[in-house]
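Have a look at these structures, which come just after this line.
Shared chain: chain A. Partners: chain B in the first complex, chain C in the second.
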Partner chain A sequence: MYPFGKGFNRYVPLLLLLIPFLLYVIFYFGPSVLTVIYSFTDVKNIPGSPVNFVGLDNYYDVFFSGNSGERWRSITNTLIFMVVVTVVQNGVALFIAVLINQRLRGDNFYRAVFFMPVVLGVAVVSLIWGMMFDPLSGPVNMLYEWLFGYKDMFFASFTHAFGYIIFVQIWMYMGYSMLIFLSGLQSVPKDLYEAGYIDGTTKWQSFRHITFPLIASSFTVNMLLSIIGAMSTFDIILATTDGRFNTRTMAYDVYKETFRGSLEMGLPSALSVVQFLMILVFVIVAVKQMRKREVEY
Partner chain B sequence: MIKRIPALVLSGALTLSLAACGSNNTATEGNGGSKPSGEKKVVKILHWKQGNVNAAMEEINKAFEAKYPEYKVEYTTTGPDDEYKQAQRARITANDVDILADLSGMRLSPKDWTPGAKVPDWQQWIDSGLIADLSDQEFVKKWNANDIEKAGTYNDKVYAIPTGKVAMSGLFYNKQIFEDNGLKVPTTWTEFLKLCEDLKAKGITPIGVAGKDVWPLKLPVFALQAKILGGGDQQKWIEGVWKGETAFNDAEAVEVLEKMKTLQDNYMIDGFMGIDYASAPSIFATGKVAMLADGSWDAPTIATANPDLKFGYFPVPATEDAAKNASFVGKYDVTWYAAEKGPNKEGALKWLEFFSEPENYTKYVKAAGFIPTQDNISTESEFIDNELTPYLGDFELAYEIMMINRQNVGEHLAAEGVHTEYLAPGGEFKTAKELADVQQKEWEAAAPK
Partner chain C sequence: MKKSKSFTILSYSVIFVLLILYIAPLILVLNVSLKSYPEYLMNPIGLVKEVQWSNYVDAWTEGNFANYFINSIIYTVAATVLTIIVSVMGAFPVARGYVKWSGFIYLFFLLSQFLPNPMVSQYKLMLSLRESLDIFGYDTKLGYIILKTSGTGVVFMLFVGYIKSISRDLDEAAGMDGSGYVRYLFQMIMPLMKPVIATGVILTAIGIWNDFVGPIMYLPSKVNYPITFGLKEFKGQYGNNWPLLACGITLVAAPLMVLYSFIQKYLVDGALAGAVKS
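== the complex of A and B ==
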C-alpha cells in the first residue's frame, strides 16, 4: 500500500530523483535554453559586459548579411551531407551486415575489421586519410594516375574536398550502423525463414518480406543516429580541411563562430538554434515515416 | 509517438549546448597547473608553443626566479593560433593569468572612417578594464618609442610590449641554386619573372608555398599590396575602400591579383594547394624548389631542416621601381599584455621589468629570430644582419595588420586577405578581374545597415 513507507520516507525517492534532474537542468537543459535566449541578445564573452536584447538581429545576420551566401551554402552542404551519409552509410551497412550474418567463416574477424574505424576516433581517421589522400605522394593519387592518368587535390580541391569528407565519414561510421543491423538480424526467429522456405519463397522475397520488416526498428535507430550525427558533424571537417575549400557545414560554422570568431556570442547562438530546428524537423519526419513500417510478428 | 517528441526535443537540445558552453569554456591545456610552492607568489604567463621561443622563455623565467626568489613563474603554453586564442579568452575572462601574449601588436582598432567595424578582442578587454595600463612603468622607456607607439598604444596609453618584428613579404632563396645557374636576386617585377623563367628552363621549380593552409599565399601578396595599392600608400587605399574612393576591383587591386595569378599559374610548384605549412620548409631545404614564400620567422626551421643549406631572403619585387621594392612588409610578433585583474599584477609588472632588461631581452630575441624592438640590441644573427637589415629601412606593416574589415564580410575578403586561392585552376575564378568584382560586391554587401 505504501511501497516507500510513511512520513518523510515517502519523499526519499523524489529527493533521489531530484539530483539527476538538477544535474540535467544545470548541465544540459539550462545551457540549451540559455542558447536560445542568447540568440536574441548581443551577449559577449566578457564577464560583466552589458547584455542587450537585439530582437532578430542575429538571425538577420545569419541569413541576410554580407556573408550569408556562405551560410546558405553551409545549410546546403549540411543537407547534402546528411542525405548522402544517411543513405549510403545505411545501405552499405545493411548489405555488409546481411553478408556477415550468413555465418561466414571468420565473421567475428570481419565484424571487428568493419567496426575498427569507430574505435580509432576522428583524429586518427583523418590522419590516415590525410596521408592516403596526400596530393603529392599519397597512394590514392598514384592509383588515380596509374588507372586514369589523372591527379586530384583531394582535401585541397574546391570541388571535390566535400565529397572526400563524406566518404571518410561513411567509412568511419559504417561499422557502427552495421553492428546495429547485425544485432537486429540475429534477433529474427529462424522458424520464420523455415516457414517461408516451405512456402517456396525466393531469397529476395524472404529478405523483403521477413527480414526487412523485422529489422525495421534497427533501421529506425540507424536512420536517426545518422541523421543527427551527420547534421551535427564538424570534427571530421575540422580535422581534414578546417572548413576551407567549400566544406563548411552548419555545425562547423557554429564551432567556428563560437570558438574562433569574435567575442560576440549572439550570432553563434542563433546559428545553433537554426541548426537545432533543422535537425528537429528531419528527425520528427523520419520517425513518423519509419514508425509506420515497424511490425512484430 | 506523442511521448517521443519531448524526448527528441531534449536529445536535440544536446546539440545546442555546444554553443552555450563557449561562454564559460575553460581550455587550460599545456604544462601549467602546478601548485604554488611554499609562500611564493605565482606569476602566470600564457603563451603558445613555439620551440625556440619557449626555450628562451624558460631560461628567462629561471633567471627571474633566481633574482627574485619570492616569485615563482607558471609558464603555460598551448597549441598555436585558434587553440591559443581560445585559452587566452578563457584565462583573461576568468582572471586566471598575469601576463599573456598576443599574436601580433595591437591592430584593427576601428577608426572614425570605419563605421560599424568590429572591435578587436584586445580593445574590448582594455575597455572592460582587464588589461593593465603600463604608461607610467619605467621599463617602457627601454623599448623603441616608435614601436611602442605603433603596436602597444591605445588611447594615448601604453598597454602592451611588442617583443619583435618579423618580415612576411619575402622569398627564401637557395643560394647554391642561384650560384650554380648564375642567377642573382631580382630587384624589379620583370627581373623576377625572367629569373623564374630561367629556373624553369633549367628544369628547376621556381617557388614553393604551403597552399593547403591558405594563409601562406597571403605573404607574397602583402608585398604586392604594400607597393601597388594607393601607388605605394596602402593606408590611403584602405581608407579609400571605406569611403568609396578606391575599390577591390580598381586597377591597382586587380593588378595585385593579376600578378599573384601569374606566379600561381606559372612558377609555383605543382600541387602547391596540397602542401601543408609544416612540410613546406623541408621542400625548400631539400632543394626541390629554388625559392619559398614564407615569413622570416621560419628561418630557424629551415636551418634545422638542412644545416648545410645556404639561403637568403629578399622582398618580392612588386613593381618596376627597384628602390620602392627594396623593403619588407611585416608585422609585430609576440606582444605581452599584463592582466589588470590577474591574481598577481605586481608580479606581472616585475616580470615585464625583468624581461625588458637588455641582457634578458637579447637572449629572447636571439632565440626567437625576431627583429629587435629595443635599440642597440646585437642579435649576432647572420640571417638578420645580412638578409633582413638591408631591407628594413622603410619597414611597413602588412595589409592584414592594417586592413580593417567590415563585419560579416564575405569569404573572398574574410580574415583580412584577398584569397588568391579562389583563382583558377584551384578555384572557380578564371581571371583576376572576376574575383575582384565579387570581392567588391561582397564588400558593398557587408556595408553597415
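== the complex of A and C ==
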C-alpha cells in the first residue's frame, strides 16, 4: 500500500498534505462558513467589539432597510446581467464555433484573437473600452452620430451604462465559451453528417438533430460557467462605472458594503448568502434542464 | 459533405466583422498612444501624423510603472510557484490514496468551487492577521502572496487527474531503492508532470497577474500596488488624457500579448482542461 519505508515514516505525506489543507481551511473554507455564521450576527469590523446573535435581522435589512429601493435595483440588475450574458454570450459563441469548425482558413488565428481579452484582464479591457466609449472623443460616438445622428454618454449614462457593461463582459468572455463549444464540436464524429447528408437533411436539420444533442455537455459546462460568472462578477463594474449610473449588482453591493460602507459585516454577509442561494437555484435548474438533452454515442 | 459556396462566404464575412470588433480597439489604442495631446484633441481617430515616442517615456516614469511591474512580478511568481508546490503536495497522496479518507479529502477540496463568497470574513481575517502579526496579512506583500496561494481549485483537480495516469509501479520501485517520500515527490513525480504543471502555471499566473479586485481590497499602500491597480490609479490621475493613458494600457498589455502569442496553444488547452474537469 504505502511503499516508502527505510527511515521515512508514513506520516510524511500527511504532514505535507496538511499545508494545502490548512491554507484552504484558513483562507477559503473557514471564511466561507464564517460568512454564513456572520449573516446571523451584528459583527462589526472593529477588533474586540461584542458579537450578538440577531436572527434574521440582516436578511430583513437586505430587502427592506432604508435604501431597499437601491437593493431591489441591484437584484434586478443581477438577474438581467445573468440572463442576457448567459443567452447572448453562449448564442454568439456557439454560432462562431460552428462557423470556425467548418475548417475555415486561419481558424487557429480566430480562436487566438477571440480568447485574447481573457489574457489582457479586466484592468486593460475596461480602459480600452473606456477609450472607445469616451463621450467626447471616442470613435464609437462618431460612429453613432454618423449612423443614428445622436451621441451617447456610455458609462456615464443612467439608462445605458449597464447595457454597455454587459457588452464589455460578453466581449471579454465570448472567446472562452467559444473554445468550449469548439472542443465539443471537434468530438462529433463526421460520419454522422455523411449519413444525414445521404438521408437528405438540411443544414439546420443536421445541426438541430446531430450537432446539438452531441454537444449538449459543452452546453452544460458553458451554462454553468456563465451563470456563476455573471452572478458573481463585479470587477468590470468596479473598473468602468464604480457602481454609479444604476449599474450596481449584488456582488458589487457585497464588496461595497464590506469595504467602503459602514463597519457592519452582518449585512454584506447576509447579502452574500442570498447571492449564493440564487446561484445555487439557477445552477440546479440549468443543469437539470441540460442533462435531459445530453446523449451518448 | 458538399460545401455550399455562399455559406462559406457568409461565414468568412461574419468572422471578419467579429475580428474587427476584437482587433480595432487594440489598433486604436496603439494609434492614440503615439499622438500628442493637441493632435488627439483635434483628430481623435485619424491616423497619427507625428509619432511621439516620448509619450511612452512620460507614461512609464509618471505612472511609476517600473515599481508596479516589479510588484506584479513578485506576486505572480511567488504565488504561482507556491500554488504549484502546494498543489503537488496535496494532489499526490490524495490521487494515490496514501492518506486515510483520500476520497473525502478530494471532495472537501472540490467543494472550494461551490462555497458561498468568503470575501467578507476573508477581509476581517486579513485585518486581524495584520493586527496581531504586523508583517503579515492586510496590506503586506507576504500576506497577499499567501492569500493568493491556493492548493485547491482547478490546478489541484488537474494534478490529481494527471497523477492517476502515472504508473504506481514507479512508486514501488522508488520505495525499494530507498528513496524518501519528499525526494521522490519533487525529483521524480514533478518532472513527470511537466505538461500539466505548464498548464497550471499559465492558468494561475494569468489569474494572479490580472487580479483587479484583490489588490484594491488588500494592498492599499502605494509601495504594494501591482500593475492592475497602478493602471487604475494612472487613469484617476490623468483623467481623459487618452494619449498618455493609451501608453499606459499598451505598457501593461504588451508583455501579456507577447507572452500570449508564444503560449497561446498551451493556454487554450489549459483553459479547456480547467473548464471541463472542474
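A few remarks follow.
Here is the rule we go by: the second predicted complex is superposed on the first by the 270 of 297 C-alpha atoms of A that agree within 3 Å, B and C clash if a C-alpha of one lies under 4 Å from a C-alpha of the other, contacts with A are read in each partner's own complex, and residues count from 1 in each chain.
Simple rule for what comes next: a contact is a pair of C-beta atoms (placed from the backbone, for glycine too) under 8 Å apart; a residue touches a chain by one contact, two chains touch by 3 or more.
Bear in mind the structure is a predicted one, so any value in this text is a computation, not a measurement.
Of the two partner chains, chain B and chain C are each touched by A:Ser269. Of the two partner chains placed by superposition, A:Gly200 touches none, neither chain B nor chain C. In the superposition on chain A, A:Ala156 contacts chain B only, with no contact to chain C.
Of the two partner chains placed by superposition, only chain C is touched by A:Gln102; chain B is not.
Ranked by how many residues of chain A each touches, chain B and chain C are led by C.
Applying the stated contact rule after C-alpha superposition, one finds that A:Arg244 touches chain B and leaves chain C untouched. Contacts of A:Val12 after superposition: chain C is touched, whereas chain B is not reached. In the superposition on chain A, contact of A:Asn67 is made with chain B only, not with chain C. Once the two complexes are overlaid on the shared chain, A:Asn45 sits against chain B and chain C alike. Residue contacts after overlaying the shared chain place A:Arg291 against chain B, while chain C stays out of touching range.
In the superposition on chain A, the residues of chain A contacted by chain B and by chain C overlap at 27-29, 31-32, 34-36, 38, 43, 45, 47, 134, 136, 232, 251, 254-255, 258-259, 265, 268-269, 272-273, 275-276. Chain A meets chain B in the complex at residues 27-29, 31-32, 34-36, 38, 43-49, 61, 65-70, 134-136, 151, 153-158, 228, 231-232, 244, 251, 254-255, 258-260, 262-263, 265, 268-269, 271-273, 275-276, 279-280, 283-284, 287-288, 291. Across the complex, chain C meets chain A through its residues 1-3, 7-8, 11-12, 14-15, 18-19, 21-23, 25-26, 28-29, 32, 40-41, 44-45, 86-87, 89-90, 92-94, 98-99, 105, 108-109, 111-112, 115-125, 127-128, 131, 146-147, 149-152, 156, 171-172, 174-176, 178-182, 184-185, 206, 209-210, 212-213, 216-217, 227-229, 231-232, 235, 240, 242, 245-246, 248-249, 252-253, 256-257, 260-261, 264, 267-268, 271-272, 275-276.
Of all the residues in chain A, the ones that touch chain C in their complex are 1-8, 10, 12-14, 16-17, 19-21, 23-24, 26-32, 34-36, 38, 43, 45, 47, 95-96, 99-100, 102, 104, 110-124, 127-132, 134, 136-139, 142, 171, 176, 179-180, 183, 193-194, 197, 203, 221, 225, 232, 234-235, 238-239, 251, 254-255, 258-259, 265, 268-269, 272-273, 275-276. Against chain A, the residues of chain B that register as touching in their complex are 1, 4-5, 8-23, 25, 82, 85-86, 89, 93, 118, 121, 124-125, 128, 130, 211-212, 214, 271, 273-275, 406-411, 414, 422, 426-428, 442-443, 445-447.
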